[in-house]
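Here the chain labels run A, B, C and D in written order, and each chain numbers its own residues starting at 1.
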Amino acid sequence: MSSVYGEHLKLSIFGQSHGSAIGMTLDGVPAGLSVDLEALNVFMQRRAPGKQAYSTPRAEADCPEFLSGIVNGYTCGAPIAAVIQNTNTKSRDYSNLYDCPRPGHADYTAQVKYKGYQDVAGGGHFSGRLTAPLCIAGGLCIQWLKQRGITVTGHICSIAGISDIPARIDPVRPQLQFSDPDFPVFSAQAAEKMKKAISDAKADGDSVGGVIECVIEGVPAGLGGPLFGGLEGKIAQAIYAIPAVKGVDFGAGFDACGMPGSQHNDAFTIENNTVRTITNNAGGILGGISSGMPIIFRVGIKPTPSIAKLQQSVSLSSMEEKDLTVEGRHDPCIVPRAVPVVEAAAAIAIFDALLSNY
Amino acid sequence: MSSVYGEHLKLSIFGQSHGSAIGMTLDGVPAGLSVDLEALNVFMQRRAPGKQAYSTPRAEADCPEFLSGIVNGYTCGAPIAAVIQNTNTKSRDYSNLYDCPRPGHADYTAQVKYKGYQDVAGGGHFSGRLTAPLCIAGGLCIQWLKQRGITVTGHICSIAGISDIPARIDPVRPQLQFSDPDFPVFSAQAAEKMKKAISDAKADGDSVGGVIECVIEGVPAGLGGPLFGGLEGKIAQAIYAIPAVKGVDFGAGFDACGMPGSQHNDAFTIENNTVRTITNNAGGILGGISSGMPIIFRVGIKPTPSIAKLQQSVSLSSMEEKDLTVEGRHDPCIVPRAVPVVEAAAAIAIFDALLSNY
Amino acid sequence: MSSVYGEHLKLSIFGQSHGSAIGMTLDGVPAGLSVDLEALNVFMQRRAPGKQAYSTPRAEADCPEFLSGIVNGYTCGAPIAAVIQNTNTKSRDYSNLYDCPRPGHADYTAQVKYKGYQDVAGGGHFSGRLTAPLCIAGGLCIQWLKQRGITVTGHICSIAGISDIPARIDPVRPQLQFSDPDFPVFSAQAAEKMKKAISDAKADGDSVGGVIECVIEGVPAGLGGPLFGGLEGKIAQAIYAIPAVKGVDFGAGFDACGMPGSQHNDAFTIENNTVRTITNNAGGILGGISSGMPIIFRVGIKPTPSIAKLQQSVSLSSMEEKDLTVEGRHDPCIVPRAVPVVEAAAAIAIFDALLSNY
Amino acid sequence: MSSVYGEHLKLSIFGQSHGSAIGMTLDGVPAGLSVDLEALNVFMQRRAPGKQAYSTPRAEADCPEFLSGIVNGYTCGAPIAAVIQNTNTKSRDYSNLYDCPRPGHADYTAQVKYKGYQDVAGGGHFSGRLTAPLCIAGGLCIQWLKQRGITVTGHICSIAGISDIPARIDPVRPQLQFSDPDFPVFSAQAAEKMKKAISDAKADGDSVGGVIECVIEGVPAGLGGPLFGGLEGKIAQAIYAIPAVKGVDFGAGFDACGMPGSQHNDAFTIENNTVRTITNNAGGILGGISSGMPIIFRVGIKPTPSIAKLQQSVSLSSMEEKDLTVEGRHDPCIVPRAVPVVEAAAAIAIFDALLSNY
């Protein structure tokens, strides 16, 4: 079991929520790719906490500091390493989590796996904070993909069961303009309802989840492969690294399961002397290989497990049931902040597939 | 991009639908595990074609022949290799597929990736037939998991939009008895409706898809890990190797996205001096690590792309649109036969996780 | 621990000496590479046993049968699988090897690792026979390298302490013509002495080893990388997969350790508008990366452990010392047959490095 | 090509000689292993520069700063990340190295591979300074091996062609006491000669190399495996990551190539109810698997390529020959400082093999 991802790239993510720093190393990146650190910081800010009413008040700059791999604005071929100092850690006592695990969290499973040696402070290595280094790697990949005409865009399909209108984009000709890039939904009305649901959950000491859709445009046909080399599996593996993800489907996905084949099969056509499909139920992937159509997938995000409400847990020492109230700073809904994280993970998968394609 | 899977195990699947043989090598299996070849053949038969009205008439024995790795009924520590001879290949002319790709198939994307050198006969390496060697590997892993008290059971949630009643099992105390193991649904009435939908599709030259749920009981708490080492990603990667899979979700999955956290979080309890959860929305995985509760996930299977109906395709040589009628022997619905394949892929993932757990 | 090699390629070797077949799968090969099966068989014959007075009388055709991955003389992009049937296995009783391990063989270490479940017949998975599938994979890579102007040539430096004259080739402008390609030495006189040493060893129930040098010409500058990505480590890892190899050094190698830097450093020069070095003590690799000069390394082959002489072993059941006489068909010297195996392993490493170079 | 090593462990090394920091991440380490940071610093000091007359005057503390993975003196199961700040970098102008590569260095090959984007300052990612993070990882592994009764000890066999007396240890019952742990040779007289050769080389603007032998005691029988899983290949791959290594052999190694099999085969015997061998020409590895005897291998270190003497190089822009004088702070001999680096690399390989052994 490891925190390393990639075939040609090797991405390693490290750090614990309340350790001295978190970070990543990214190996296998070709030399000579330009890096725009300012653009990266702008991207990182989309994930950063503390900006909005509905997100955790833990505010950190989250500016990556690069230790290696970039010289004068270009990759130099050596592994890229970057860290983010943990500046806003609270020296609260977390030790009760060893005995009384929080429902929906990794406390219990980490206790079994790491036998009490795991770092529980702030969630340790399981913290959503570890998605920051994922965004460093992904933010870089997004830049390098963009230089090849490939864009990665996520948006919110639903929060707390409230769907955007439309809930999904046009998979053939995606229109991806959003008035608020920090809350990318099409309908202002739906956005209001979603935000209210988040506020209500917060007021209630509760939390909500949602669904994110991600669109990757400009991927050339021919990336990926059959069986274990398929793009779906490769993307899914990257996306499932994001804590709180419990579902990933591609194209029409689970909705396709009730369609007849004659409806689901995407008929081929020619546009501007290019092979395209009239519909895109396949989500841009056929036989595990990109078709040149937009790659589209959805990600199901469970409601944040950290809630203020009283919950039932157990004491692992006495093996008896025990009530638990979780303290700390929590997002009542991580879905908006998860949008750039999904984009980051997707970009890493696509960039790796691109490099693996001889 | 490769057809190799695993961290501790290394599974390599090879063969083309109409080549001389298909097969697999499985490396990293400890020595001394007993192998019941008869039980494996029984398992293989659940995937084998030609048994039922609703499946392809291509009938092959599909008995694996073991070349190495097993001595006197026990693994010997050396890589296990097994092949299945392709006996029932029809020497039809497939060459038009290079020019006129079938909608919903890998013909077009393979043409781009392999530049016309791919084997198109019967779908080549993209054929559903390649799930037979997956079932050899998975069938062995199922036996070895069973020897450790772990069982893997799939069932059909829905076909053609017709849901079983209930559509999902009880995730806390799964009851998994099915009257017809080749068509595992709870409700006889639902089964009839599903079978009729398949027959109707067949009569109509069409096809249907469906949803499979898989339950893994007996997995000890502590398998998997955070980030890229998570069990969800590991299982999803194996499942997405199955052609036609377009969605995978865990536990309450996409349905969980509308729940509040207070409902979704699984409260801990003690039963028989063991930590369990009262509900199992997490599907047995917390923080990427098994919790000891049943591992539960759903798999969305798209409708079989091979349909007899006239479809629109293109000619890649003339770059013009062109009507296409696909000939050959096709399953109007692969969902029932995909159930053991899902079990096989899941078993490989879990057995690999078990071996990777020091 | 696995029998899988490669970064971009994935080579898996399977089989036991006296199982039904041995073979290999090679994944990650691009589509469209031509394959000359006749040339491959000619290459395989260089390794095949039974041809000469000094090699084992076990004579097998050792013609690979391809199951997948090659269509009409070209790779199709799917994994290549090939097997060699084991036709000449003797059903001798090998069971005493479980109790009384042969000195110099893997019998004891396999017994500890595989707890008595290992296949000991003919050496099982540890047999030198497993170098035949290595030669299938390597023989293919040699063809594909040749198509890119890269040649791989091994020759014998010494056998039984008798050195060829010269013992090493000119590393800057290698001359690699040998009168007997099955016994590639420069000096006919040295060849006679070596053959006599082999015959003497055979008559004496003993065995001899030797040193092989391998030269790879035409490798473009720029393959490999620093640290764990270095070509030396990559080649060494492939070469050490050959049973009986106990040493690998590059360029001037161990002989360089006594040189001053001013002598060892290869001065740069320009020839035909190309950067070259005047000497080639580096063996064509600087900083783990190919320099464009011939890649040169030596391989130390220990004397064949199978000897007819009485040896001292132990009984693992009674834990007492015990005399042992090893029966069976043995090579008194495997060095000549190991030459193509070294070429094969080197070719696999270089072809993998070539594919991994974006 | 990557800077990542390991099967169960994943070690990633990053940094450039004159970047802001160098470091490593080590993933896959079990939780609950104790870490003695003071002992690690003592180990690091053995590699640190600036201590002796014969090493580079670049003096840096080289104390690793741990960012993650260790809590209260124990591993917590999360990836371990550590950095060393580069404090003593000189802002010299290195830009001429892009045009005029130093003989024996990676300047030319890096230029070809990275197309001028590589970091040349101080050798960049190719610098011997990158062995410091290797020593962090290896120093930790040495501690964890020691906790299991396994010790790793290197010593100097020869420098500048001057052999220690004896040049090699007794491979059956190694005696490894050295009066000067920073210059581990048996004979005080030989040590003096070696040191004089280093001083002479320095005075002459030249450099010298040497041979290191490494002994690993206490490794249980059964680690490793056949073919690509062999311990020799695994260790060699780790050792070849050390810049300047050009040869690795095991046990009697290249010296064994002239022995008859009857002399080379290590006869088995029983000592204290344990299977051992009377000699240890195999260097503790049979069939790629540890035998329980001391694992012994030699490492050939080329003379430091950085010398003050005038050398011939070329101008890559004008493609003409050009004289070159290399400036900077150089070790006339890195062999003594390479001893702990060899130990570190070996420890990483063995600890990985130990974890990979189910």
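Details
Note that in this section contacts are C-beta pairs under 8 Å (C-beta built on N, C-alpha and C of every residue); 3 or more make two chains touch, one makes a residue touch a chain.
Quantities reported herein were computed from a predicted structural model and do not represent experimental measurements.
Farthest chain from chain B (centres taken as the mean of C-alpha atoms): D. Two copies of one sequence, chain C and chain D, touch each other mainly through matching residues, since over half of the numbers at the interface are common to both. Our note on geometry: chain A versus chain D, Cα centroid distance of 39 Å, whole angstroms. One finds 26 Å separating the Cα centroids of chain C and chain D. In whole angstrom, the spacing between the mean C-alpha positions of chain A and chain C is 46.
In chain B, the residues touching two or more other chains are 1-4, 13, 78, 110, 113, 125, 226, 356. Listing the residues of chain C that touch chain A in their complex gives 8, 30, 78, 226, 355-356, 358.
Against chain A, in their complex, chain B makes its touches with residues 1-5, 7, 11, 13, 101, 103-106, 108-110, 112-113, 125-126, 130, 158, 160-161, 201, 204, 206-211, 221-230, 232-234, 236-241, 243, 245-254, 256-262, 264-270, 273, 275, 277-278, 281-283, 285-292, 298, 300-307, 309, 311-314, 316, 319-321, 353, 356-357.
Chain A contributes residues 1-4, 10, 12-16, 19-23, 25, 27-28, 31-32, 65-69, 71, 74-81, 83, 110, 113-119, 124-125 to its touches with chain D in the complex.
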